Structure formats: structure tokens, C-alpha cells
């Protein structure tokens, strides 16, 4: 693994999931592997879980961690050839090369604008770091992907599955704000790699990119989709066709106790209670959102461990 | 000790004070006790002394520290049953449980609004963390209490006392802004546990909560109150009856060289010079505010040490 | 060395440069020197390179690092005798003494206002820390000096020089915003100590302080100045005579491929491409700005190492 910007950067997903579960049982087993190695975490957007779990994962491996919150005071230029006489003070070419000299691994969080589909799809921030940095890049959620969350989800489903090929349904749910597609995209791409029966359900107008969906079944009828599900992964996203728009907040799509049945309920958090998922689900044994969040640490740790081993090989 | 949210969480205050003084003489004596243990510090409000001293205390014990500044971008919901379709993005139930999985101890700073007496008195932020977190909670100043400061003050008075039962006076002093009651409350509660002759002085209208004051003598005549004091603890607070109001900035209540006499002058800092305490006091040998601030480290360190020992027992 | 606030705090510059180059070859050689020692980094202004490189330098030496971003919420008072009844909440006397108790070394970044020449020249922030702190102070760029950058530059020129007494030219270049004189000042002071042929070039009206320039040749004709240069150090600064004003943005002063010739091009970064330096220079082998930025770590590390050795002696 040279970078971790997509779930496809993992060569053997099943093996990596098992390694993460083993690591979880003994998280300090490799606590000198990262000695004298530095993780620089760059946040273009704020973060709770990703920040704490990734920092903790690095420290479990003995790494040093340096965190930089990129505010408006540090505007980066990403375009080639620009005459930088306006708002941008530093070009990504310099920034990425310079930070590479202070870091052994760079982790980047940069959300989409949700205003310009092509620009977001280009992943210009993440890809510029990949292009110009001389050290591995870890994606802490980019415009279109959140592979640390997706690996977390794969670990969680593996741990909680009680049958060989569980039925996994990704269900859209309402939310007052326009949210990115990153979590949904990476979840689908990851489940497509595992031995699960995957389907997606959302209202009309909320279709995800066809290159993500591929041949995964999509249902506009949530009730039908959720039938006999083993895992219901709940997530809001804004419209992809009417890019970045909130075209429905239909409360009928909220996940309720009745809808969840015997399934395990997953969510990447933060979750708006009684808007996205009802209290009765989150406060029941159906909810596995808390152990799911715990696995963020071990997803990050197995990724960092693999990158560190690559560095020293 | 399961949490440290009040001075009453300390079972044997005198013993703990002595342990802190012993620790101060050799602060790195237990520098492996916190190995592989993480302190997460959550700041709903900014901090200088509390932040640096608590972080240092944790590192003196070999702990890892992760710091999260909670800004307006991360609005927590504290009420049960709310339909979260407005400003709050995450419920404390999830937040506290999730952070507990990344932390061995969580320290929280959350000031009062000073607008709603009942809400502040309910300590809903601190108590929600206590309710939902699965790890010990340390109060780094809440709406109504600042027990790390109070333990600091007890250590400082113990170190500097030259007679068996020193006279300790808590004196209100003027300030341009409305300040919380937390420091005054915790100081009084702590002094009530020690063998000191405690009294309080403030202008009319500044009476503290009666359940705090209990039978501690209160004087509206500052001069009379300060007579023959060994320690004068200076602090502003806003009115408790006319909740959160500044009803006096009377400069006659400033602590001057004349008023302090031979007493030691204490203050939790930051202090507004020549408004709260005169330069002539702060720049004299009467002032022990600097060694007092130094004890913040050892108060935090003895608390963390006790919590860590509890964790591993 | 008791503090590092000016390049003149280094007793033997050549020896220190060589020690830094040696350290760079083996940066973890002294990784226990800083054990149980804490660097507190105070940022009155934001920082990328200085922050990451200084933090990394400290950790390479085994130090603990605590970082405090000083925002508008923590206004310090620097004047003696003020009645602090307005915006300032804490006096530097207390702040510096208190932080000294939590730190073994304090590093401070505080830019000039560029509005009041005398006030900026007084270096009241940095000097107040020197006056009141009881531990060594490191200047991470003050109103008028940036000695960590200047030591970096000296290391870089020493590494890259291919003749005994290289010709070094500091050239002003255009910039849309008013920038401080600190980098230019410290660069000149440092080069004056080395065996180089130093000159400075800038448009009329951009003369630096005469006590900095001393007998260093100054040219208003950039072309003439750059002739046969071995190193061209590019930097914008605002007018010193018309204090803090941008009196020219003349694009003819931008550094181009033609102007740079065979010289090595240096810049402290961040650099505005095609405004200050052309892409054709920055993307060519003439540019040594990236290895120059790398040396920030080792400049900081040799300074911290010297201060730590002083502490324990």
C-alpha cells in the first residue's frame, strides 16, 4: 500500500479485516513500530471521530502526531500557472512537498463544496497531495470517498455477522442539511468486495453515481428493501443528479423500530436523533453505532501499520 | 474516586494534599503509570492555565493527551427525545459513548451561560458526560464548580500556612464583565473541609448560593472582614440573586496594599491589575498567585494519578 | 545561549551550522536529551512551517510539546500600571511567569502591526516574555526578526555553496499585501556574519532600517544586482520609511528564469507563484526552496538542543 485514498488500495480486504480484529484484541502489540515516525493530520474541515480515532491509532503504534487545522488564513492554490495576486497565499506544490519533509505519513480531510460536481469529482485537493507529496497520503474523508469509515464498516459487519452472506441494505434517511456522498460511495464500493447481499434504497432523485452503484440493486421502496435485512446502514446524502440539493426531507424515510426489525442498525455518526434514526432504534440492542465508532481506531491503525511497514521495507 | 467533578469526590482531602506536595517534589516518579492511557480534553470554552497544567500533569504520568476544542461547528444536543432537525448535529449520548472508546479519562470544560440559573445549576453538560461516558470524567471548570482550582488552592494554603488554623477570607473584587461563581463555590466548599477560619466578604447583592455558604460567616464590610487575615483569596463573581448581572463595579472593593496587610494574596488568575488587585499587592511578597498557579499541575496530577490507579485496580 | 531571540544569541555561528548539518544526518541521536522537558509554543499569529518544524525538532529531541493558539479571546496587557478595566484580561507579568512553570522552554510567534513603527521596533511582546519568563525564550518570528529562518538560510547556503565566498543577493519582489521586515532583517544580519559577498536590491522607497543594512551594498537596479549571483534570496517586504505601506507592486521585480541565471533561488515560503517568483524558476533546478524548508527542522533542533544542554548544565 503506497497511499490509502480508496478502499481499493487494500490488496486483500478480508485479510486486512482479520488483521484489524486481531489488532483490536491487543492494540499495543506494535507500539514501537512508529517510533521516530510522524503523522501530520491536515484538517480542511472539522472532525471529531476521525480526528480522535486516527490520532489514537497513530499513538497506539508509537508514532508522533502533529495536527494542523487549515483555516481561511491559509488559502492554498491548486491550479497550475496561476498568478497568485489574490486570496491564495501558497501553492499546493510547495505545501505538499514541504509538509512531506516534516511527516512520514500525511492524512488529509477535505470535504466537497457540493456546488461544482466536476470539481468535487476531480478530488483536486486529495489528488494534489498525492501528486506532490513524497510520503504516503491517508484519506480522512475527501470530496467523494471515506475509506477509513468504509473499512471500519467492513470490520464491524464481519464482527457482527451471524450468517455467511448477510443481507446489507444502505438506506437513505432525511436530514436538514446538504451532505456529501463520500460515506455512501465508499460503503457501497467496500460491500461490493465482500461476500454480502448488498442493496441500496433511497427516494427518487437521490440516485448515486452509476459508476459507484454498478449492478447493486436499488429500490425506491424502503419497506421492501429493508425486508429481512441483517444490517441496515443509514445515511443521508444530498442529490447527485441535482447536485448538492436537498430535494426531500420526507420524514417517512426515517429509520424506526418497526422498519429495523431484527437487523443491526449502523451509522457513521454524528446522527440526528428522531430525524435520521428514531430514539427507539438508537437506544435499543439493534443499534451497533457505538461499537462501530470504536472500530474507527482499528481501521486507522491497520492502515497506518501497513503504511509504516511499507516505509521500512 | 470514579470521577473528579467535585472536591467531595476526594475521600481524604488532607491525605491527597500531602500526596500532591510529595508528587511536586518528584513529578516524574510515576511517569509510566499512564503508559498506553489517553486523556481526552474537551474545551467548550477557552483555557490557558487549566489546559497547560492538566496536559502537563497527564504527560508527567506518561499519558497520551488528545485535545478537542469544541467550537460552534459541533453543536451537541443534551435534551432527551428532541427531533434534531435544527442546529444540533450530535446527541451527547453518542458523543460521550464514542469519546469514551478513544479515552481512558475525559476532562471537560464548560462554562455557564449566566443567563438561566436553573439550567446552569443543573450542570447538564458535565452531568450528561457523567451519565453517558463509560470512563472517569474530570471537571476542568463547569457551570458551578472548579474543583481542580480548589484543590490547587488547598495545596497552596497548606504549603504557605505558618499557623495551625489560619484565617482565610474570600473577598469579592470588582470586574468589568459578568463572571461565573464556580471558583468561589469550590473554594468555599474546600475550605469548609480544612482546619481554617473561613469567612467571605462581598457587597450587598452578591450573596452566593446559601447551600454553598452554609454557616460560613459573611461580611458586607470588607475592611472588617480582612482584619488579621492570613490568606486573602480575591475573586470577582456576578450576582447570584440577580443572576449573572454586574450590579457593582465599586472600585473601593479593589484589594490594595493597605487592605492586604501581612496576609498572603491569592487569585486563580487571570487577574485584571488595578481593577481587581492593585499592582502594589501583585508585585509584592504578599502575592502568592504565581506559586499558586504552579500548583495547578500537581492538583491535576494527583487527581489523574488516583483515577489511573482506580482504572488498573 | 540563554534565549534564542536573535541570530546574535549564537556564539559561534559557523560551528552551530556544522552541528546542525551533523544533526540532520542523524536527527534522533539525542532523542532522550529532552525527556521530561516541555516546549510550550505560543502563537499570536498562525504558522505552518515554523509550527510543524519546531514541534518536530522538539520531538526529535524527546521533548513534550504543548501548543497554544492565542486568539482574541485571550488579550494580554503589556503596559505597566494600566487599570485593566477594558479589553485586556491578563497581564504579561502573570502570563509569562505562569507559563514558565509549565514549560522548560517557551517559543513565541508574534507579528508586527505594521501600523506603529516605534511599537513594532520595541518588540514589546517578545521582550516582555524575555523580561518576565523564568525559562529560555525562542523567537518563532517577532515584529522585526526571524532568527530560526535565518539560521535555516545559513545552513542551506553552507550546504549548497560551491565556492568559498559566494555572492548572495537579497532581492525584494512584489506582493499584494503588506508584509513584515523580519525575514529580510534577520537574513541580512546573519549573512553579515558569514564569509559571503552580500548585497541587497529593492525599488526606491523600500530601504530597510539603516542599523540593519550597515555597510551592505544596496542597489535599486535589480538586473545589475543579480549579475553573477550564486544565491538569490527573494522576499517581499512593505516600506519601512512609509511604514507598512505597499508603495509598489511593480511586476518587473518578479524573479524570472532569465534573471536567476545560474544562481540558486531561495525563499522562506509561502511564496506567491508568478507574482513573487515565476513558475519557471520554482519548477527548475535553480530552486532550493524545498530543501531550504526542510532545514527549518534542524535549525530549530540545534537551537533547542543548545538550550536544553544549558538547562541541565
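We call the chains A, B and C, going by the order they appear; numbering starts again at 1 in every chain.
Everything that follows uses one rule, which is that a residue touches a chain if its C-beta (ideal position, glycine included) is under 8 Å from a C-beta of that chain, and two chains touch if they have at least 3 such contacts.
None of these values were measured; they are calculated from a predicted model.
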Interface composition of copies chain B and chain C: same or different, split at half: different
Angular offset of chain A relative to chain C [C-alpha, multiple of 5 degrees]: 120
Approximate Å spacing (C-alpha centroids) for the pair chain B, chain C: 39
Chain C residues counted as touching two or more neighbouring chains: none
In the complex with chain B, residue positions of chain A that touch it: 28, 31, 46, 48-49, 51-53, 55-56, 59-60, 176, 249, 269-275, 279, 282-283, 289-290, 293-294, 297
Residues on chain C engaged by chain B in the complex (per definition of touch): 36, 38, 40, 64, 66, 68, 71, 73-74, 77, 80-86, 88-91, 93-95, 97-99, 101-103
